[in-house]
Amino acid sequence: MHERLSFYVKRNSVIHDLNPLTKVILTLALILIAFTSPWYWTPHLLVLVAIIPLSFIGKVAPEFFRTAIRIILPAAGFLFLMQAFFQPVGDTVIFKFYFLDVTQESLMFAFRNATRVIVMVSAFTFMLLTTHPSELMSDLTRRGLPGQFAYVIISTLQILPQMQAKAQTIISAQRSRGLDTESSFLKRMGSLSPLIGPLVFGSLAEVEERAIAIEARGFTSKKVKTSLHEIPDHSSDKIIRWGLVILVILSIALNLWPS
Amino acid sequence: MAFINLQNVTYKYPLTKTPVLQNINLQVNEGEFVAVIGPNGAGKSTLCYALAGFVPHFFKGEISGTIEVDGVESSKSTLDEWVLNVGLAFQNPFNQISGAKYTVFEEIAFGLENNGVPREEIRPRVEEAMKMTDISNLADRSPYSLSGGQQQRVALTSILVMKPKLLVLDEPTSQMDPIGTREVFGVVRRMAEGGMTVVMVEHKMEWIANFADRVIALKDGQILLEGKPNEVLTSDVLAENGFGISRYTSTAREAKKRGLWKKENLPVTLDEAVEGFKLG
Amino acid sequence: MLEKIKNNFNTQTWVLIPIAIAINIAVGQIVLLLKLPVFLDSIGTVLVAVLCGPWAGALTGALSNVIWGIAIDPGALPWWPVAAMIGYMAGRMAQWGFFKSWWKVVVTGFVVALTAAIVSTPIAVYLFGGITASGSSFITAYLLQTGTGIWQAVVSTSFLTEPVDKITTAMLAFAIIQGLPKRTIGGYPKAEQATVEGGASKNQLYIAVGVVVVLVLFAAFMLRNILGG
């Protein structure tokens, strides 16, 4: 978990040099096209000709494939199986499994849905691997996103691993005091509060002081915020962004066109 | 005209019955280093919040009297403006880390970014402030990976970089080990020597005796005693009112009763105690 | 409108949201470990909704879901509107005074559950054809195989699974708020919504149990109607 929250891998690549907004738009475009394109093979093609090559261009392929194998494929695989077995569409039965019919249609349906999920998650992963969260946030803040959003996102990313570490500590502490995570339902229900109580109350007690600390540093200042880092936005970035927007519009239009 | 001027300040937190500050009158000159001592619940932190603008701007509640710093009255200002003149640092270094930044350098720049300082100015100001507090070597570290003493110095630097005229410190060393305490006091001393006005709540008596120009003893929201460090810290009144007292003072006080302490004044620090007992 | 959104957010709200998201995720994982038949992964969202307001609750829910999706389970990503709606509805219920005693909190949990069921249905149907990667899809699949229509099957599944989780969540959030010192609550935008009504706690508990029974009967009745008797 700890390393997974700071996805970013520092490398020198064309992708790393892109403006963060360009990468956000790229991610959203990939997802929208995968979900709206009327052509069956679009999501599969996006993975093969866009996302995988991009991960090589961005020099993050090893990290990308590691994440894909560890998180993305298991999730998509599970979805595929669920849908292939349980989706009651079509009548071209390929094989029977107890009362469940696996049809050619349900297989096709499941395959596309699973790939769509793969596109969605791998596009996000790719963006996070090549974009530093604080760069992304300063760029979006510069473009008008309220500074408080940047605060929320980045501090969540930093607090979460700490909270999970705290949860681990509490769990092992309670275990050594006889907490049983394998016992009867009621017992497990009862062990909930000694586990989450300390976690929740401890962190809620900090809120006031932390609010004071950031207000003491102008968090609520009405002045236009500036940024320590200068984030380049080239004309090529703008061209790519507009190109992507047009592709998305095309895909949606094609989807709505005949029917 | 005093730099800090508190006139009859009485304050009550919301939903509470007794005021935490009662009729506080306090004047502090520019460049003075004032230490505030007092038992738990004396109103020390509230006094800090009042000086730093958080009472009444952040905590609501009822306030009467006037709080003035550098000729501006707190109730007529906003918190955003007030914090530009008055910096506040407090006990828990962990809670003072904004959480919005990944490196110490960025963390220190946070206040400047919020207040719209132009980019060209941010970098040199952060570098200068880090030099002052001797943390330049931590610039690229994550604020969360530091020791308590280092974090507290980062918190102090984050305030100092905003160039406040008054620095308010609420027990900044209470969670530090001896090394951390020394580091933090080193920074505070440099600030004071540079002419900054400092109000510091502290219970480490020996440090106060070495640094402060004046000591204020607070109890039940009122000023009990006020004066030169040695006079206040060795006063019998403190001992009778449940204040924390330097062990050298209390030892010497006992010794004096038995005629073993010959000097007129009681000691606060180890050095003073050693010197006094040599006479005997 | 904009003013109403803005008044949900003060500095304490902004500081609380990341903590609430972390609570959602950490508690969600603890519950997984205990193998309890609930999720409880929106306790933080409900806390924010009650203390700060519906819009802050909605934001917390949505962000939680996105971060959970990115960091832990990618399959969670498309469900962010549901999480947002849970926060929004919990905040609205608190605004209407339904977070001040045990039985009212039970009602809040139930209403939040219904809302979640309604919002999640189109996502399940359109994106996944009714079958998602969640364990409760076994129920949906069973209903589909027995010839139930897809919308009915998905809605009934949610009706069966959501209320227990959301009522437990709301009650835990209520217990947490009750356990917080008054001074800690005072600084949030909607602190007054979180002040607890007086009254004998024994009576409150009886009413709460009664309300649960009524709600269960009501849910059963609705289910029967949805499934067409």
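Which chain is which? They are A, B and C, in the order written, and residues in each are numbered from 1.
The rule is short, and it goes like this: a residue touches a chain if its C-beta (ideal position, glycine included) is under 8 Å from a C-beta of that chain, and two chains touch if they have at least 3 such contacts.
Owing to the predicted nature of the structure, the values given are computational and were not obtained by experimental measurement.
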{"item": "Contact graph of the chains (line, ring, star, complete, other)", "value": "complete"}
{"item": "Per Cα centroids, the chain farthest from chain A", "value": "B"}
{"item": "Chain centre separation in whole Å, for chain B relative to chain A (CA means)", "value": "44"}
{"item": "Distance from chain C to chain A - Cα centre to Cα centre, in angstrom", "value": "22"}
{"item": "Touching two or more other chains - residue numbers and ranges from chain A", "value": "151, 155, 159, 162, 206, 210-211, 214-215, 219-220"}
{"item": "In chain C, residues with contacts to at least two other chains", "value": "18, 187"}
{"item": "Residue list for chain B, restricted to those that touch at least two other chains", "value": "58, 99"}
{"item": "Partner chain A, residues of chain C touching it in the complex", "value": "9-12, 14-19, 21-23, 25-27, 29-31, 33-37, 43, 47, 59, 63, 67, 69-71, 73-75, 77-78, 127-133, 137-138, 140-141, 144-145, 172, 175-176, 179-180, 184, 187"}
{"item": "Residues on chain C engaged by chain B in the complex (per definition of touch)", "value": "18, 182-183, 186-187"}
{"item": "Of all residues in chain A, those that touch chain C in their complex", "value": "1, 4-5, 35, 71-72, 75-76, 78-79, 82-83, 85-89, 99-100, 109, 113, 116-117, 120-121, 124-125, 128, 148, 151-153, 155-157, 159-160, 162-164, 166-167, 171, 181, 185, 188-189, 191-193, 195-197, 199-201, 203-208, 210-211, 214-215, 219-220"}
{"item": "List of chain B residues in touch with chain C within their complex", "value": "13-15, 58-60, 99"}
{"item": "Residues of chain A defined as touching chain B within the complex", "value": "132-134, 147, 150-151, 154-155, 158-159, 162, 206, 209-228, 230"}
